[in-house]
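For reference, the structure discussed in these notes is given below.
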Amino acid sequence: MAEEYDFRVASLGDATIPSPIKMSPTHGNHLAGYVHDDERILYAIHVRPRDNAHTPSSAEMLEIAGPRGELFFDPSHTSVGIVSCGGLCPGINDVIRSSVRSLWYLYGVRRIIGIRNGYKGLLPENRFEHIPLDPEVVDDIQQVGGTILGTSRGGGERTAEIVDTIERLNLSILLTIGGDGTGKGAVAIAEELERRGDKVAVVGIPKTIDNDLSFIQRSFGFETAVARAGEAVSSAHSEAHSTVNGIGLVKLMGRESGFIAAHTALAVNEANFVLIPEVPFDLDGPNGLLVHLQRRLESANHAVIIVAEGAGQHLLKELGEEDASGNQVLADIGGYLKSNIQTYFDALGIEINLKYIDPSYMIRSATADASDAFYCSRLGSDAVHAAMAGKTKLLVGLVNDCYVYVPTRLAVAHRKHVDPEGSLWRDVLIATRQPEVMTNG
Amino acid sequence: MAEEYDFRVASLGDATIPSPIKMSPTHGNHLAGYVHDDERILYAIHVRPRDNAHTPSSAEMLEIAGPRGELFFDPSHTSVGIVSCGGLCPGINDVIRSSVRSLWYLYGVRRIIGIRNGYKGLLPENRFEHIPLDPEVVDDIQQVGGTILGTSRGGGERTAEIVDTIERLNLSILLTIGGDGTGKGAVAIAEELERRGDKVAVVGIPKTIDNDLSFIQRSFGFETAVARAGEAVSSAHSEAHSTVNGIGLVKLMGRESGFIAAHTALAVNEANFVLIPEVPFDLDGPNGLLVHLQRRLESANHAVIIVAEGAGQHLLKELGEEDASGNQVLADIGGYLKSNIQTYFDALGIEINLKYIDPSYMIRSATADASDAFYCSRLGSDAVHAAMAGKTKLLVGLVNDCYVYVPTRLAVAHRKHVDPEGSLWRDVLIATRQPEVMTNG
Amino acid sequence: MAEEYDFRVASLGDATIPSPIKMSPTHGNHLAGYVHDDERILYAIHVRPRDNAHTPSSAEMLEIAGPRGELFFDPSHTSVGIVSCGGLCPGINDVIRSSVRSLWYLYGVRRIIGIRNGYKGLLPENRFEHIPLDPEVVDDIQQVGGTILGTSRGGGERTAEIVDTIERLNLSILLTIGGDGTGKGAVAIAEELERRGDKVAVVGIPKTIDNDLSFIQRSFGFETAVARAGEAVSSAHSEAHSTVNGIGLVKLMGRESGFIAAHTALAVNEANFVLIPEVPFDLDGPNGLLVHLQRRLESANHAVIIVAEGAGQHLLKELGEEDASGNQVLADIGGYLKSNIQTYFDALGIEINLKYIDPSYMIRSATADASDAFYCSRLGSDAVHAAMAGKTKLLVGLVNDCYVYVPTRLAVAHRKHVDPEGSLWRDVLIATRQPEVMTNG
Amino acid sequence: MAEEYDFRVASLGDATIPSPIKMSPTHGNHLAGYVHDDERILYAIHVRPRDNAHTPSSAEMLEIAGPRGELFFDPSHTSVGIVSCGGLCPGINDVIRSSVRSLWYLYGVRRIIGIRNGYKGLLPENRFEHIPLDPEVVDDIQQVGGTILGTSRGGGERTAEIVDTIERLNLSILLTIGGDGTGKGAVAIAEELERRGDKVAVVGIPKTIDNDLSFIQRSFGFETAVARAGEAVSSAHSEAHSTVNGIGLVKLMGRESGFIAAHTALAVNEANFVLIPEVPFDLDGPNGLLVHLQRRLESANHAVIIVAEGAGQHLLKELGEEDASGNQVLADIGGYLKSNIQTYFDALGIEINLKYIDPSYMIRSATADASDAFYCSRLGSDAVHAAMAGKTKLLVGLVNDCYVYVPTRLAVAHRKHVDPEGSLWRDVLIATRQPEVMTNG
């Protein structure tokens, strides 16, 4: 437990305007109250007592989310822009809805605009019409998947132009719903705003269906994604189980982290092999996947394989399928596995029935399940609370099961990965009974 | 309404054994009773009164399904085999369950065996273990997709060997769950059994997820398939709606008939183009799909396309992708559309976001929805009633909303198609507002 | 098959205005076409060939639904009111949506108003604001249960006042979504309009969650209701199965007809007793329900009972719980059974665990499943087609699996009942294995 | 953060038998490894840095769950009993399945028995047949609600007799799935076993649909319960929204804690009033519920109320409906509210349409959603790991989002409550916009 992180949250200045939310200023009277800026939670909680205990400093603790008693912005003069970026994820509309309702009903903010189609909607050449948002507009939007604002990838790197637009729109607050790239863009935008002396709070609600943002226990939409993915795995299992040597192969999201694959395997418990980016595997050789798959068929007549889209990329690179422009474009491990498995058993003269399922778009466009709806509802409010208090360059998230504010730069600095030595992967190995190592050393 | 069909059902001989089911032999006493062999329903009911009315003969009417007062087989000496063939379809386990329960509880039949993996399980070289079936074995099987018996394609053409196995298993009844090919196989098997003087009833429960069997109003699993397909189309719509020039392309089942595509379009009402095998279309040219798609994007910014797997095969044949061995292998219209749409808009310099969804296996492996569960429950019983009464070479089905027995040879003689001049397709055109004709001819 | 019914549909006058829907006027060119007024289907199709065949006259056949080539109303001067009455039922919003879209897109009608809260919204004292309807207003309404128009019971008997309002609103068409009472009201309204010489088409889409309208094969929302009811029965079964002498008692809708109860029992196959209004039963005595229930517990340790709300009313009347004003108010059979079962086993010193589930409101407020969505979509269009062609005093419905127009007065003259001698009830008895007779008479 | 809790876990003795699970004994080699007994997590993580920091001792930290390298029991001589007690909750079968699979596949334990119907199954007079459990028996049980073992309330107080049975069954491990009362029973049983010198590990998996166990972040089944409850609230909303002055009243579980009510309100966001046991309210008076409800109807025409079953008990006690035997029997707040609301508006001459929904049994008997299935899967394994290592008198649970072992006595000492000053209730007030105080005091 070495001192590592500085979790202090940036601020636009002193918050001096009394909050219009009527809450109890004192504790102990059984009435809900404001959160104080110095309320924190510990981040590093996993210890071995015999270790030399390090007492964490205040900077190493996370600021607790929630409404503050004093605001930086005067609600009656506050303009808010909301933008959603990147791929779809269940719950975006829930977050938009909660943000709008919190701004409108709690703070009385009346100027809220939806930016169309991601950061691109803030670029000068894309004069998409902005959408005025109010509680009526967002009333039932959570019943529909996707995002009513539209989304797109990229655009965030054109910082100056975006800040020009923010100035022209006279925004006080920019709420960004997006992942890694969106967060990096948000930090750049916030810094450019600072440079220009613009008092604009840039607050993010982290969106990554892969659940791979550091310091965020669980990203919204993740549990829904696992639920929908589980249905695909059950389908694969039904298909595999109902034929001779049936193999169900399901490709799930997970470009760099195998959280969806791992959680799905434990939720459904019908997968025999789970392949994730964090754990390399060989296809061929005496300890490769194919031999183990063959053994599984011999003993049980069917098999189910979950593969995260980022798994086994080393196998594809060997084939020269690497992309010129770097790591953005992943080769298709699903198709690669499908054809290699077929070839392998064809060569052995063994008839197999391989069914390949790629449910990605059906997962991404799903509406949020109850637990994600609950989560989005709270994330949206907490993002608004932070922004109204003048906090900036932060993400709202759940850490150690508390809602906190995390400096954006920390969350996007590194990806979160499934720890091959941790309890999640251990329980996947236990549930699938797949070999811990499938390389030939 | 010309006289066309002979709906008379074949029989193994006189049914003389009193049924063990206690029912009322008379009508009018408010107690459920047996069905009599001469109870019929009219088949051709669509008329224009000014036409010269043709009075249908008894042979042109359909025999009503249900328990008969007299049986051909003595339940205590009856052995039954159940086999499921072809691709998966929601409800197979429901049919198996209902058949077993009816045999066991109603008739007291105690020897029921499940044949493994389709007709192949009746071939000498495939000595799969047969599964003894009783109410306990089938208790909860409807909660799981697929078929507990396993399935496979083909094998039915080796009639003599199959009949050998049927003789060795000493079956009195063979219940087949399958489609077109299975039905043809069943007729051949029944005829070979006849030739050998074996008194075996061969009764089918029609299974075709495409709903393309003639004389069958609706095949089991079809409504579930439409429900699941609708979820895929909603996903495609959410994806399309959430991006700039989003196009959702969903490939659905439908090798020769577009019923799933048409029903799904009407159930979900979010598709802008529905492409089915029965209605040809061009891709290019002033009245081709691509131009109409472009227009749709210009006016609405997004579009959803449903394509049945058998649609537009003529386009693919032109490309030489035809298969040597004939019509079994369909070229992939989904991939073809995907790449051609992308190429078209790339050439125009228009950025599109195309998301392609193929939910087929997730649909096929679903469990049956309530209405299909209800239907399967009744189909299973009615198949058993027919077989116990010594009827053979027939399918159980719904015609004009009545449960009837249809001679198998009639049902498999021709595919049922969506009538381009009928009300279903008309309502699809109305709902999608797609051009009635998308050819340049 | 005696001549009984006159299915001829009333009309406001000659339809002479060419339809704006572009359809093919001829048959045989593979293009969807108009329906002609003399296209009919046979109603009575169940025959015993040896019977003296009666050749039905044209009046005994049902007019086929669909777009006509000529209209009575000029779309550019047509005003339409839509009203929903009575209890909730899955699919009302789907019907509203389909009607509005058909009027707007197909016929170009631009003045469509939603009447608030049933017939009461047409009464002078209830000056609810009417809702202007267009495709945007109804865009996603099918994703929400209930009715966006609101509904209420009654009001239809104040015919003159309603017609006053219709005149003041200058309506050409009144689309009514409702059941028995609504239909009777609609006929009275249409007759009063006729008397006054007002050319207003009154067309109904039948709504009865109980599926108890004569001449209507299946009312919309019914399949969804069965699906949701099935979930309640599964819950009851899980509860019953998980305790000692567990009894799951589920009360379902069905005031006068037991269709939901019967269908649910066959869809889920976990009920041991199904009690419906059409089949009387005793509670006590050697052949009463309680003795049979006790026997079931002795042999299987748990039991599931489905009771339709209108079942066993004779038992409650004996208790003097009858209502003064007649048959409208049903005594609560669910609570009655619950307490009597408990008392019976308490007296015997047998511990039971009875769980009573009444899912009615959760069923009524559900959104429509795919098959009902499909059905509603077509009913809405077909109602519009009829009204635009000047047809009136009719309901759209499915008969012998064809979409037809049924004179309203016929459909509301008698309730449709489960025939205790028919195949549906027979298959329920078979599935539940409950005694056919549970009276001591 | 005063020193309060002693989280040390009891043990039967030294664990010296090497685990048959092949795991990596060292860290840092990217291979999953055993958990060491001294790995801990901090419990109290919410701090205000200016407070006098208390450095928690080892006893105040929680032991991390997972497989140990050394076992107390020799798997080949280990007998395990599994018992489920109390009310149903989604996921019981998932826990049973995971426990059995872990015992069988990981440790090679072959003698696993299911105790029937709760603690009562261990009483001498209830000689229910025990169920031998193996992976095949539990294969698909998670697809069915309830518990395959059956359950009952009570019985646990007859400690000596239960221990007699445990001795006669020669159990090494007793896994208990139950709540508060079950936990107290388990501690008593474990202590009696200790007294007799029996080396039996008693390990619990906490089951409380109310989520009211202390030190347990979230009990299994809770998220599923919230999801199903949300459907009931949506139904209530559809009903309320579709009529004049519609009021939807939903009673949810929550005898002493309002977690389900609060979470559901945030997940669905359609409730206007949430009533929980922790926050008292008046019905009458100028600041009572009824006045606020009237105001809501005046402004919005409909209202939705969620009431936890334990809310407002003080109101019922005033009515003398208190139970002689103490707090076990709650008066029915749902029926009480229903009739009082009706009476109030009747007296005012305001027509309302109140629909009352009690979905409790449908929630309790549901199958587990994916996130609960995932959770149950891990709880089951972790319970087995603890027991095999000889740990006893503990519950497996999630604390600060880590899987840990909590001494049972601590978890059952006090209920967990919704903190009226905490962030959950604050966000409920924000979402519903209900008055923070609805008493007249």
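Letters A, B, C and D mark the chains in the order given here, with residues in each chain numbered from 1 onward.
Please note the rule applied: a contact is a pair of C-beta atoms (placed from the backbone, for glycine too) under 8 Å apart; a residue touches a chain by one contact, two chains touch by 3 or more.
Everything numeric here is computed off the predicted structure, so don't read it as measured data.
Relative to subunit D, the chain whose mean Cα position lies farthest away is B. Interface comparison, B-D versus A-B: the pair with the greater number of contacting C-beta pairs is A-B.
Centroids of subunit B and subunit D (each the mean of its C-alpha atoms) stand 45 Å apart. Note on chain placement: the centre of subunit A and the centre of subunit B lie 42 Å apart, centres being C-alpha means.
For subunit B, the set of residues touching two or more other chains reads 144. Residues of subunit B that touch subunit A in their complex: 88, 117, 120, 144-148, 150-152, 231-232, 234-236, 238-239, 241-244, 355-359, 361-362, 364-366. On the side of subunit D, the complex with subunit A involves touching residues 21-24, 27-33, 35-36, 38-42, 45-50, 53, 55, 57-58, 61, 64-67, 97-98, 101-102, 105-106, 142, 217, 223, 226-227, 230, 263-264, 266-269, 279, 369-371, 373-374, 377-378, 381, 400-403, 420-423, 425-427, 429-431, 433, 436-437. Those residues of subunit B that touch subunit D in the complex are listed here as 140, 143-144.
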